[in-house]
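Below, chain A partners chain B and then partners chain C, in two separate complexes.
Up next is the complex of A and B:
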């Protein structure tokens, strides 16, 4: 029982830090978009700015209020699920259609994780056992390729130039879920996964390699256990902790990667929304999406920390 | 394949792990890239509203039915799925739909599907009735016009267009709170009390002053006729009623809209497609990929860097048409050293225009002669001698003016593709004449801020409009919204000439006046106009009706709401 309490306390503490992190992030986002660089209203209007239109937009943005009040009312809006209205185009609420986009992006993220995590772990195990320099180096090469290069290469090969077998852009129809366009999800998923696999697999390898040299693995081998059993029973569970950390890092990395991948494949998720909002200088949408992405990052990290604790007896017992 | 600017922008993103950092990075570099590939159309990094603004006021463009219409007889509409045209465009969160207003280029394309003005421009850029819903517009005097509607033109809901709708449409444009684009040109010359219904299909318009080119105003695509009580799209597709070839049935902002054939369309036999799907892209390269993967049939406004890729692929083509917009370097004629016309002349002689077209527009443009309104029938930029780079003459003029070692700052915003490249190239060219030009690129927010239109030497961008409307928009320091060069200088008769031209109803006599005005601008004006940009669109070769000719809107005026486009039968 005391064990459970220790873990609960740990989770609560991590959550507390998470909230604190998000608060700091919110200050940075708000500062960078609304307070610091010249005047947000002027930035939004550009050449079309007239003194009257700037004044009107300043009013809409609440720029005339004290900075602290601007910040607190914005944060209250975010926390209570009312991030306000878009400043551009039809001036629809920021949340309009955002639900679909979040689902689309989560779908993509889940697919990419489902593909990348098992493959990476397998590759990591393989590279840890046999030194496999070629595989290891090609992982390194892959790691140096930015997603959009991968995406463009895949499009050239499978959609436009070599073979026309897969769609170049997503074609999810209005009001339809991402699962209605499975073919359109293939290239974005592969692109995201290829971006993540080198990192996860190399960390898994490092972690496993360390474990494989440990005394208990040596002992298990000396006992005459089959190598597969050594891996599964003794090595893998002990290498899982760091791997969880890397998976978390990569899910967070996906959260940033979707901005690029969704733009390249015109996938209607929050990443694509972010990129058009930035172009349109739609400040409330940018602020909201930046908070969502930061939230994903923080939550994944907490989840990974907790999972690590749970699979590592050494850490678990220390919490008691 | 991948434009240089996108490369660095995305690489920077790829390197950032934390999502929040990525967001900040996007915001930070969103405006820093540029490059010729973006000039041809809307700068992807510029706020979408800006380039489009310039385009909007441009008014409609020349198209005649005879030339634009595909020769094929419309085939019987297919059962079920039907014939669908899929068009890609840069669009996003700022999409709107309004029969009389646009913010970005995607909005023009959608507006074109559903709404039409009273008159339209011919290929010679002369007002005519071909694509308009007026049968006749008679000038009773230079300030008094009678508009008669074509017989039997119906809105998409089946109601006849009446004088009441025309009056409502004009009143809506005149409403200052609605802030519609067409309205800014109309409000100075018309009041609501000037509108009166003669009978169900006739309206009388009494202007506040003589406006001899009022018919040109009626050709502007934003001067469209909407039904009485019409309002901008705000979620209900059923309210989007117009006379155009298509009517809106589905719209998700930032993603896609579906437009279905208007069963009551007045232009017999048109349109050919049963449906038009307009698909938003956040990235122009993705749109081109979609074209080459046959996921869309046409893409408006492609990056210049993609032209060769598309033309080099079997089954695809590029529509490369003159007319787009223009970029300019602006000299304030009432500020030192530009108070001296010799210095202004010297600056214009420093420019290597061919190099500008090559390096700023990647070759997709044409050399200009420091005069605007190239599509206007009264344009004389192609009649007066083409100004060439002449460093010796420039040096001599500067020496005469006592400004041989001139040092001057030249400003450009970082959010409008082409302008930073233009000033940097100009600074290079100026070195040869001993002039030190400091090319200063400012963040857009600062550039367009308080100092905009006040700087001695700056830059700007415009869409193409006719001569007199362009004068009204930028060349009258007392009344224009964007008079960056503070024209005309003291002692000039330019403004009086402008008013005389507006009041002159005789075309030949008016041309005498506008010729004089253009000569004055050519000889002593404050604008350096090195080039006109081309419009670039990519399309699948089976798409017919994409006619390459000078035009102010992409895709040959979007095929007049896509009614002039069809697939080759085969």
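Up next is the complex of A and C:
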């Protein structure tokens, strides 16, 4: 049917743009390493390294090949799941232990979404019907604060000074699964969720407030439906479009937020790995993780656009 | 002459008392401005009233105030520095970098946004798709990749944070300017043969001032958060210098014996971001109120 075709075409175009975006992002990430004042081998070995050892590492890293070849072989490596070896420590492959870290981060991300989405929708619905100035002002304050500040405040309150109930750092062994130490995941989850709740709830409020003024909600009320019924059956489904978009944007925001939040709590996920790699100037790991996180970001954004189209019939028909 | 007077008269009718003036009638804007001003004074001039030098040791690390060798109000920090002194020194690098990167982003973002809105046929598609691509890379990641490769020099922090903020501002400016471009006074200005720069900056810009101001505050808030965040991760030009973000990280280990080394900078960063957030919210409320009046009129 023509309707289905319009949506498919939209999704394909969106995917194409996503792939193009990631290609350019990969060029930027690869290009950044080319800006190094000295090359990767020199940076890694330090200023006191002998020329011979620098030359050897340069050969190992393929730095003598032409730039284009370096780029394509690096990108092929990322795509085929072989991003090379780490430059620091015992030079393990970049992917070593990364699988478990990805699981840990996904676990955190899932928990944060599970906490933040329902709470935000509820708060949004509440704020759409009442003025609730204290609530909306605290949302504003929460939205302004950077997430590491939220995290550190939570540590001060819940794990060191005022009320020592939760661990300040997550003592999860890599490979054991984050569920083995649920207590260690609580504060990172709350931090991420607190960062997302103001945005989702504000959008939910605005979207619901608009819907609540519409004729069909008026109609539903006039026909004597219970207010709860009005919200659930008539208002909520129609307010979901923009909310979907913001939820996905926030999942995308988590992709960046995990770097700092996991560092604050020593949580063994990919964000923590990124911050360690960045400090050690472990270039292959930095490049790989930056690509992965950017990938999550781009894919979630595409998912948001597609989901919005699918839940909003108005937009769907426009695509025909 | 008379023609210029006419066009500017049109602009003043479209924008009544001035959004800033209305915004400052709201308590949130005033409160935000007072807190922001106070913290700015502390951050910029605090070092001149600091009891000790930035690198002066006054005790062993993380001693509460009662146990320091030299008198101290908030005890000692990592390496035995005075917490209060380090606090008074540590705001300047963050605040200055945040303000400069926001200004950089505002200038470039506004030019791109206005140019895209005014040149719908030739520039718009290209500029905005480019902006979308830059937006696909989260700012923290861009900053970390660049700074870890090239070193966390102050000008690099300003450049990466500023340039990665450009697309966000460009989008807002373009969005606000697109409808203005369609209005009659732009056509009139074109007919008068005004230069393109003049149309962009004297005709278009004043009409997108309100959303631009809101966005500027939002971006400043995020720049403060981002720059203190990357400082927290250890990316500062000088690891020995006092810096609120770095200070929070360094003193986390001593939070049990002396929490002030963390509490003071955390409070400062939190209050600073909340205050700029309040100002932005005040301006956006004022702008919304003015819009409503315009609709009713």
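The criterion applied here is as follows: the second predicted complex is superposed on the first by the 301 of 320 C-alpha atoms of A that agree within 3 Å, B and C clash if a C-alpha of one lies under 4 Å from a C-alpha of the other, contacts with A are read in each partner's own complex, and residues count from 1 in each chain.
By definition in this document, a contact is a pair of C-beta atoms (placed from the backbone, for glycine too) under 8 Å apart; a residue touches a chain by one contact, two chains touch by 3 or more.
Keep in mind the model is a prediction, meaning the values are calculated, not measured.
Asks: Quick one: on chain A, after the overlay, do chain B and chain C clash, or do they fit? Just give me the call.
Replies: Partners clash after overlay.
Asks: Let me test your reading of the model: by the given contact rule, A:245 touches which partner, first (chain B), second (chain C), both or neither?
Replies: After superposing on A, A:245 lies clear of both chain B and chain C.
Asks: Just checking: does A:286 make contact with chain B only, chain C only, both, or neither of them? Give me first, second, both or neither.
Replies: both
Asks: Would you check which partner chain A:25 touches, where first means chain B only, second means chain C only, and both and neither mean what they say?
Replies: Both partners, chain B and chain C.
Asks: In the superposed arrangement, which partner chain does A:297 touch: chain B (first), chain C (second), both, or neither?
Replies: In the superposition, A:297 touches chain B and chain C alike.
Asks: Which partner does A:143 contact after superposing on A: first (chain B), second (chain C), both, neither?
Replies: A:143 sits against chain C, while chain B stays out of touch.
Asks: Thinking of the overlay built on chain A, is A:152 touched by chain B (first), by chain C (second), by both, or by neither?
Replies: After superposition on chain A, A:152 lies in contact with both partners, chain B and chain C.
Asks: Give the stretch of chain B that clashes with chain C in the superposition, choosing among 255-263, 273-281, 309-317 or 525-533.
Replies: For chain B, the clashing option is 309-317.
Asks: Identify the residues of chain A that lie in both the chain B contact region and the chain C contact region.
Replies: 25, 28-29, 32-33, 37, 146-149, 152, 155-156, 160-161, 252-253, 255-256, 259-260, 263, 274-275, 278-279, 281, 286, 290, 293-294, 297
Asks: Considering the complex alone, what residue numbers of chain C touch chain A?
Replies: 28, 129, 132-133, 136-142, 144-150, 221, 224-226, 228-229, 232-235, 245, 248, 252, 255-256, 259, 262-263, 266, 269-270, 273-274, 276-278, 281
Asks: Sort out for me which residues of chain B touch chain A in the complex.
Replies: Against chain A, the touching part of chain B is residues 1-2, 6, 10-11, 13-24, 26-27, 30, 44-50, 53, 91-97, 103, 232-235, 250-256, 258, 279-283, 285-287, 289-290, 292-295, 313, 413, 415, 443-446, 448-449, 452, 460, 482.
Asks: Give every residue of chain A touching chain C within the complex, in rising order.
Replies: 17, 20-22, 24-25, 28-29, 32-33, 35-37, 137, 140-141, 143-149, 152-153, 155-156, 160-161, 252-253, 255-256, 259-260, 263, 274-275, 278-279, 281, 283, 286-287, 290, 293-294, 297-298, 301
Asks: Considering only the defined contacts, which chain A positions touch chain B in the complex?
Replies: Of all residues in chain A, those touching chain B are 25, 28-29, 32-33, 37-39, 42-49, 86, 88-90, 92, 96-97, 146-149, 152, 155-156, 159-161, 164, 167-169, 171, 173-175, 195, 249, 252-253, 255-257, 259-260, 262-266, 268, 272-282, 285-286, 289-290, 293-294, 296-297.
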